[in-house]
Amino acid sequence: MAREKIFNDPVYGFINIPYGVIFDLIEHPYFQRLRRIKQVSLSHYVYPGALHTRFHHALGALHLMTQAIGVLRGKGVDITEEEATAASIAILLHDIGHGPFSHTLEHTLIAVPHERLSELFMEALDEEFGGALHLALAIFKDRYPKKFLHQLVSGQLDMDRMDYLSRDSFFTGVHEGVIGYDRMIKMLAVYDNELVVEEKGIYSIEKFLIARRLMYWQVYLHKTVVSAEQMLIQVLRRARHLALAGVELPCPPNLWYFIRHEVCEADFEKDGNRLLAYFASLDDYDVFSAVKSWINAEDRCLSYLSYGMIHRKLFKLEFSAQPFSETYISSLRERLATWWGGVDGDLDYLLVEGRERNSAYDIDKDEIKILFKSGAVGPMSKSEDFEVRARPVEKYYVWYPKELKK
Amino acid sequence: MAREKIFNDPVYGFINIPYGVIFDLIEHPYFQRLRRIKQVSLSHYVYPGALHTRFHHALGALHLMTQAIGVLRGKGVDITEEEATAASIAILLHDIGHGPFSHTLEHTLIAVPHERLSELFMEALDEEFGGALHLALAIFKDRYPKKFLHQLVSGQLDMDRMDYLSRDSFFTGVHEGVIGYDRMIKMLAVYDNELVVEEKGIYSIEKFLIARRLMYWQVYLHKTVVSAEQMLIQVLRRARHLALAGVELPCPPNLWYFIRHEVCEADFEKDGNRLLAYFASLDDYDVFSAVKSWINAEDRCLSYLSYGMIHRKLFKLEFSAQPFSETYISSLRERLATWWGGVDGDLDYLLVEGRERNSAYDIDKDEIKILFKSGAVGPMSKSEDFEVRARPVEKYYVWYPKELKK
Amino acid sequence: MAREKIFNDPVYGFINIPYGVIFDLIEHPYFQRLRRIKQVSLSHYVYPGALHTRFHHALGALHLMTQAIGVLRGKGVDITEEEATAASIAILLHDIGHGPFSHTLEHTLIAVPHERLSELFMEALDEEFGGALHLALAIFKDRYPKKFLHQLVSGQLDMDRMDYLSRDSFFTGVHEGVIGYDRMIKMLAVYDNELVVEEKGIYSIEKFLIARRLMYWQVYLHKTVVSAEQMLIQVLRRARHLALAGVELPCPPNLWYFIRHEVCEADFEKDGNRLLAYFASLDDYDVFSAVKSWINAEDRCLSYLSYGMIHRKLFKLEFSAQPFSETYISSLRERLATWWGGVDGDLDYLLVEGRERNSAYDIDKDEIKILFKSGAVGPMSKSEDFEVRARPVEKYYVWYPKELKK
Amino acid sequence: MAREKIFNDPVYGFINIPYGVIFDLIEHPYFQRLRRIKQVSLSHYVYPGALHTRFHHALGALHLMTQAIGVLRGKGVDITEEEATAASIAILLHDIGHGPFSHTLEHTLIAVPHERLSELFMEALDEEFGGALHLALAIFKDRYPKKFLHQLVSGQLDMDRMDYLSRDSFFTGVHEGVIGYDRMIKMLAVYDNELVVEEKGIYSIEKFLIARRLMYWQVYLHKTVVSAEQMLIQVLRRARHLALAGVELPCPPNLWYFIRHEVCEADFEKDGNRLLAYFASLDDYDVFSAVKSWINAEDRCLSYLSYGMIHRKLFKLEFSAQPFSETYISSLRERLATWWGGVDGDLDYLLVEGRERNSAYDIDKDEIKILFKSGAVGPMSKSEDFEVRARPVEKYYVWYPKELKK
């Protein structure tokens, strides 16, 4: 009877998916695989509800895209059926290139950024679906004249951000991250082929920027989350170190392949589809299952880190507005050497320095444009009503075993 | 069986009120009267759900006070039972001095600010309850050494604001106004007898300030809301003008008294309790019922304004970042004179200029203090993590019949 | 830019109203008047948030109608634009005949049921709008062949019930009344011109029936609510008694008219539109403003009841599954006579017996029909999955001053 | 500063956990392991948000226990600090015996019911914590005189059910499952050492029973969920069949152990703690990771089932109110044999018959008792206000590859 598949989404109530190419893409193993990749990696070590997946996020962003297209059409913007489907496909697949634990392992497991992998997946699917993703690819790569379609997929106010903020705040329970996505979408318009916001939407945008910044520091870059993610990175770095030294570890073969080889973009040039399918077989389950088995590894460093990862015995992470002094780092390293005893090479996996950075609104990159009641269009940062400072906040961190501080 | 009265509150779920003096104050006609005074006046002309009352707000603020006291005690702050009750009474009665339509008619109906009237009510109740409100009055007037108790009642982060933002956003449906009141309360602490916020609460505070500013421009100072409120003010100004000129209008006697007399603070010095009781008999019902009957008034100006007020035929309101030019105002006034025809004195009730102003965070008045992890305490505006600009936004407006623009 | 007016609704988020006849009807004073009539009368004496109006309910029901029509069309049911508009108008105006305090005063203030008054209003508006409500009237009166359109307006699963349950549970905070209106609407279908429900919607329907019954006993027929409403009825009965005896009371003239005359349906036959306009000028404000002034009435009984009504000093109300014995009632009446002293005629306004009755699902009236997966259609009560008993619950009550029990 | 650890819970807002034995139990690897066991197994194949874990559920149930104890104490019920802690521990650990995919694999992976395993875990922890769980065990096993403490852990109205209904409806987005847990808890009382419900809570209880039944058929026993779970069971049955036949499969060693051995209760008698620790190392990750690798297994049947499990190519599941006829089953089996070709032994893993059963309220087992206003106590099913039928609903099912129906 129905022409649409209905998904229950606690965030939006219901999501309607039209049967046809979009539904078929969702059914494809490449997409189903996103069911096994958590959206916010190890944030659930702080917010136990945050177990939602890239699968759910992609459906949610698709849902918002449908709404945005409806609103724009209602304002007289010309969007053909074909363009609507293409924009929907582009948002549905925008994150399909993510591997296990999303951003956390992005540069550890494979030396290709997820956006590029998404393109590779879309190209492979385009082939498989007989060219049905052609227009979607053009929009995704910002090579289509109606630039606003790309901006709905990737821009300051894209459906990706609107969904992930709504979804992540829902599942973490951090209500301050809640945004008025419905109001914001109703305020969207198009001017000169670019996405603009009606003037009366300015406070909602402001709230959205603040909510986003808040989610960064309260969730994505939460001290304990960063600490947990660092641990997972070091576990995998250590495993690779051992693998390259010829040590055999219990591990699902697909994961083992990516640990032993540092796959880079060039590798996809020859026999790309096979490599892609192999990458597509990876997910959070393989990684955690392997890490669990490494608790019993002979290598003391790998075993220690793996135990901490699984049983949530995390390292201390200190944040600081300024870089840490060399003296401080040296003293930590000395204490670590004493406490750990012996093997010097281990220390690089047990004490790590780094930096995180976020700004509410990056003015230089992609200015939000306001459609004033007068009919003029101008950058939001020039509006008198706008109060959010664009200054980025930068934080340095150092990460090391809690035992050093006892 | 129960030792507490339970109220259903869609905002917080349940509110528990201990039997005793607090419950008895709630039962008092002076407090029950707040059931008939809407919290946000005529905002329901834009947001039809915003019919909630000062009564509900006061209960809500009391509920948050109970939580705040619990949190502070949990952190070792010494608050005696007597102080807790007094602070609860102070927040419960902080708005008891509001008259019909709260702020809208505050300076039209009576020339005494509502805070002063709240004090007068509390003093009268203190007498009636045999001195039981003594400490509450000291806290309310900021004459008690534990200054943080006053700050919980009235300050940058008081329970009043936390409740009204939560409540107003709930009943208007403006979700962007939602604040994380529970998290903010959990972050409160006391340092040197003053209220401070733990450092990790800084993003929540920022969100709160932005939410508050947003509620100002989206709800409290919404163009149509300001227009509706202006109409009510002019209706009452006109009625007083007629009353002072000896015209008799149908009107409940208590309201008629305050229309004929411009009651000021001095009037409360002699026979204050009787005057107070008379004021306490006023509510939104009297005003709207009178305005409704004035639709049939002989005076054309009063009738016109009253009809517009009741049937929601509102005037145009223009906002501008700069003051309107004299030329513009003159031209409007001329058009008005032509359109209205004749009686010049009427025009002052049909064309009004004014100004509204709001800043997210008024730095000069009462700085929010942060308790840093280091143990130091300092003003929030100095923190590197803080991004909200304190610059106030000011808007000028002019208000006149829509017919002038046709 | 927009072709629709957007209303904020905390229950549904946003409500879109198309400009045109529907919007014009909303702007009409007859409809605007519903802004001043509370949806659930005096329920706010128990649930302080329950101040929402018939205005808001009507918009909400219209919103659900739009959704239902969309769902049915999506399943191939033929509904023309004209029919869609007519069904929308019918649901928008279904309650326009309600007077002050809705059901509470339905038989006290005027001897015409609100459904009949709604018809009279619709007929008057049809005249004023040049026949634009013709089809809407046919649907409202169930004289249109596509019977399911009437059932969407008035039936076991109409948009009226779905909205009022959602809305009343939202504003009271009685979360148990929450229903899955969106899922239920998605399960609607049409079979043989009648509304049916797809089999998999059966549990939602069951939940809806239970939620409705729960709302009856927990809100609409809550002991204290019934007590408050009884008090308002007796105030008005007493005022009429005095008025008919020639006593003059302070009162807005429109209300006074309906107190002095027991208007019945026949009165609308001659000069109906004028009487209707007069009735339309009544609202909650008049009633409460009058009752407030009657606190100072000379008649002791009226004054006593009015004081209790305004200051919420309510009478005791006892519920019982069986009728009260004559002995018990006599003994109460005797105590009342002693306590009140003197005037015997007063007692009929101070001690009242009555009965309330509710069943989750009235099988005999209008069976819900299920569309089974097999394609067959049958009554829900026959389904094996259905567990709600249809037995009505009946409760007797007696109402009298609390002083009698002290 | 704080004496409590705060968890964010999107369901309840915040959960406060006192530092001490309860916090230490949460930190224990046996409990942390519940982070890797989904609460509702494969329900996320229908409701993508339903990825929440036993860990989160246990914290939530603990939170409700704290509230229930507070309410009962507020009504004068004597509960010592020691008893409160013990009841909290009992509810925290009530599900600790669950293995991977909870109920789904309960009888497939190990022949010991999860309740017995919970006891074994609690006994082991009691040993490790020096007897600190002694009282908790007595309460858990219903050997403590204050029977109501056990009933809060396990009974018709226990904190387990209240949490799982609230939580599962939250994460699935099936709003009809929402219950008024806060109101229900406020209605709890104790009479004669047993848990009873105040009369005015009867409608909430009814709603709760209906919501529970609804969740069974709409979520837990949803056709597609049962189909997915059946697939997982058959995958593991097949793997065991192969293992017992001497086939080696890629598999984490802990999981392989439980596949090769059908561990039963007696096995825990000798060297129980070691076996328990081994069982405790199992989680959802091992199972899914293994199943993923079995897609490439040589055994065609295992490979086919594993592929379907991972890529969500599920079998058809037919429900019926009556048992399926032998003729029908035979015909299916024949078609299956033809389609699958060859190996007869495979068919038992590809076509399965079964039965599910649920009743809203099982009267015989553990009647809910009502404390009437009169002071009397009686079973709820006798109350006139109670309308839910206790009749259990039973459904038969048959499960087989979709290809048979094409």
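For clarity, chains are labelled A, B, C and D in written order, and residue numbers in each chain start from 1.
The definition used in the following text is that contacts are C-beta pairs under 8 Å (C-beta built on N, C-alpha and C of every residue); 3 or more make two chains touch, one makes a residue touch a chain.
Model, not experiment: these values are computed from the prediction.
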Residual chain clusters - chain B taken out, nothing else repositioned: one piece
Farthest chain relative to chain B (centres taken as mean CA coordinates): D
Comparison of A-B and B-C (more C-beta pairs in contact): B-C
Length of the line joining the C-alpha centres of chain B and chain D, rounded to whole Å: 50
Chain B and chain C, separation of their C-alpha mean positions in angstrom: 32
Inter-chain centre distance, chain A versus chain B - centres from mean C-alpha coordinates, in Å: 43
Chain C: positions in contact with at least two other chains: 13, 174, 183
Interface residues, chain A side, partner chain D - complex: 7-11, 13, 27, 29, 32, 35-36, 44, 46-49, 51-53, 55-56, 59, 170-174, 250, 252-253, 281, 283-286, 288-290, 292-293, 310-312
Chain C - residues contacting chain D, complex: 174-176, 178-180, 183, 203-204, 206-207, 210-211, 213-214, 217-218, 321, 360, 384-385, 387-389, 391, 393
Touch list for chain A against partner chain C, complex: 1-4, 6, 13-14, 74-76, 182-183, 186, 189, 198
